[in-house]
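Right, I'll just put the structure down here and ask away after.
Naming follows writing order (A, B, C and D), and every chain is counted from residue 1.
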């Protein structure tokens, strides 16, 4: 079964990563590649690492360009997916890498995005309790945000096992590709090399309600999230340092057991041996997450840390994994668990 | 008044930064430069940026080499300072960049360093309430750790004003120079570029009790600290993201006012305008700290972030500033407030 | 046909890259993994990106550990391969990533390596004229050096077509992984980030005679090489800027035609469209080389530039490609042409 | 004598570096700061490292804003300086960091810049033979390009002593700040980290005729230059690898002697001890150049390598040094010879 696949937003970083992975997927044939300001150009100079597609011309992102494919990946700014999806028909598997269909709560959407809520689609994080069942057979997938992926994997075992109090404090460092490819002075190499800096401090980042949603669903009660994202001088990778007060009486053994159980059957999540800590370089270009957890007895905090590649597991790899899950293919098809290190 | 100054540990990163600053200090004449494994070598190949000292030969670190100077800076592994200090006499101003004399609590010292406590010296962070008075005229200075410097500056105004609950959660990213110059496989450029990784997670970092000591002293009660350090792919800089639950009823205006008051007269600490956040690149090579604070109303947490250069304000610059304070010189003498950016 | 493969030197960067590639090779089963100082340790903490092999224990590098495999990759310091090879028998395919068997001229070997010449094996750069025929069916392969790979691909078409004068000037920038994983102060992240520096200037680099050998063989006369390597602040990648005076009368069209012809059938070498220049990031983690060439009419120099990943096409990828060629497998098996970018 | 100084183009990288240096110059008072698209904004968010100037508002770049200063630095795109200079009057010292007045040959200017030649001003590289005399007392200075500064310092001693043949081959790596602060997709951090790439290959870079001019003037005959610039993953620094065939019979001792003589009295140029090679990190933020030279006896090439900070010695530092020379102040006033390393 070879699927014909289109990618809308093929010239951005998420689109480029989707194409890198899809070119190695044995059941995929690359169809239309669309873009906005780069429509009409050859892909070769825009994505110079994708040699096989160098001669392909970028089409404008329209429903007609995307029609006639088995799968359509949308890597677009938020707000554009709903209308396109409506035109593509119910038989097409639409995998939205944008934010439009991630949130269940319309009020949250309106608060953080300032527009009308488009709806909610099955959530493309198969490892999250309940998600895999919803993905099976679906024709609509909302790929999680990169930070929420890292945070959910780090903390859901603790909340699922009732081991953490309902306020999580998260400080995450992201590589610059997470900020996209649109030229901005503050993202120039000259600015970001040698620099660590926070942004959207104090609750304002749009990924915050998504984290709250994920952890609350697993916990069975509302979990508050204090989230501070920082920009790190590297192209790829997220390191999420997450903590919450441990429930009174929780032991290190219980914590360890909860995490071992949560990831026992997961191909792409690796709970590291005790004493070894995650490292973004080790997952670069792979769909893997590295996780470690510790109980700080002096403060009573459970500290869980995850490392992912924001473009792979955090976006395009998670999208392909979820596509596989939706289509009944083995989840790892076309994906690697091995990082490109050093 | 020209002071003759010796630097023990002149071939490490802290020693190199001390010499960079001292070469620009109008009242300093560089005397003995000592080292351990590099004794006998010329400094030129070891510190190629210090052209003026290229021909100076590194002497072994002994009390006799260090004797006869007005000021002796010690940039040595912990455990070596007490014996040297005893031999140098009470008239010499000894500025210890190591940990030996930072902690007041002997039990804390023994827990974290595993040896007998050497004592406590005036603390070389003039901006910390009470510290400046203790530094005036002293002949012994304990330079703070780099992380504790960043954390104290970010959080003491909140604790001094009674605006924060007594558990602080700190995630800090440090440039690699903080890990020193001794060759280690995990610090190779190939390993650290493209990588964010935590270490000493769960309360184990030796700077934790120093943070507790500083914040507790200012608060007037014990403040617990959950501290996670991470290694960032840059040579210099610390970005410390610090948070604590705000005291019930605390307002954003009160928080802002407390920080404005705390730093109103400080040359080296800059509370940024609202909406602008710290950036390690902006303080690179300078003795400045950039600070910003926000109140996250959705979680009730006060989030305070600081950026310093770990080698300058975090070590050598703080040491020179404290030397100036001890000797009655203007604190900024020989120090710059301007970072080398981009 | 599944081959059982051993890797000697599995804990270094070349060894890690070999394993990354071999884990994705459909006809390979990973056998013994050997090392020196790390023998007895689990691979998991040494190569944290190779999750599937995390529990494998490193054996000491001995002939008995390596015996009984169809293919043995040697990623060892030079001087150790000959003795091991002699003990492994003629039926084993030995792929030596070290220098021992690259040079045909014993005097060159002795001058640059200071020891007795071990011999000459078929040269593992299939794209080089004549090399592919020698690789077919061989049981001994000398993998080229990383710089010579980049330089040969950039310049052999010019020399093969008689378009360049016999002195080539080469300045190449390499990522730090080319310098290996043994801890050294000058390779610390703190030293290499923000730094470009040359080394082995003035003809001293051991890869120089290999370049001379390759280009002279293709040209049919001796080609002199002035080679200056520089260390760049990135983990991977080589950018080789190569030039030579063009033969009088040579035209840009002739040059272009020679390069197009040389690479017309090559999967892993991409002559870029005119006006686009190579970029190491675009080939990161891939076995591809990007090439571009121009004729500077104001000086009469032909300037050819190549970008490769030093660990992949420059070492481990070239080794696997050559193994495939020797065994009659498709050369691209287990290898990617797509870089991990950005 | 305190001079009132204006900076046109204060919001770019050259402008920011000028201000960093001028703030530390004892005879300078900062006057008008002008810009283009950022006019009306406070400097604080644009140049966050310049805390003292945070509240200063950027004025539009007009002659009236720049009038009434003793010294005016122009850090503008080429083509804008002549008209401004004409309006500022002959008494004002105008230091042009742009290209407009660097070239003596109008035809060269028109070929490379495509507009009418504005004229030629004294050349702001005091170390170049003849330049210092022209700078004394002048009211017009053309600051050299960053690459030409690095190349002239590396090669002029060889040409001045008649030791090199008249074709120089230059490959230089520059930090990204050399490409300016205007947002461009190919300069994003995500693109440049992990990447080395050439540009303007084949003789097209506008700095080429300036190199030809400098070396030819020193040699007394035309020197051809093959110049390939590359972009390196670091914010600052130029490493220029320069070579030329040595004149027949030239010895290593003669070469060394020529370089020692050329720089014997220079504060900012350091010929390194034999065996030590330049390193851009060692000169970061300083006005120093590190130089080394070797004779490759196997090819007969003289290889000279220089490292500078492109923003300091390569632009703003050279500008301030030349201002000092013009005004009769000590050249090093306000400038440091010490790099910020690591």
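In this section, a contact is a pair of C-beta atoms (placed from the backbone, for glycine too) under 8 Å apart; a residue touches a chain by one contact, two chains touch by 3 or more.
Because the structure is a prediction, the values reported are computed rather than measured.
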item	value
Labels of chains that are neighbours to chain B and to chain C	A, D
Smallest number of contact steps required from chain A to reach chain C	1
Separation of mean Cα positions, chain D and chain C [Å, integer]	37
Mean-CA-position distance for chain D and chain A (Å)	45
Per-residue overlap in chain B, given as positions that touch at least 2 other chains	13, 177, 188, 190-191, 193-194, 233-236, 279, 281-282, 284, 342
Category of the chain touch graph - line, ring, star, complete, other	complete
Partner chain B, residues of chain C touching it in the complex	13, 175-177, 179, 181-185, 187-194, 233-235
Touching residues on chain D, where the partner in the complex is chain C	167, 169, 171, 173, 188, 190-191, 193-199, 201-203, 208, 224-226, 228, 230, 232-237, 239, 241, 243, 277-282, 284, 292, 294-299, 301, 303, 305, 307, 342
Contact footprint of chain D on chain B as seen in their complex	13, 16, 20, 23-24, 44-45, 47-52, 54, 177, 193-194, 235-236, 270, 272-273, 276, 279, 281-286, 288, 290, 336-342
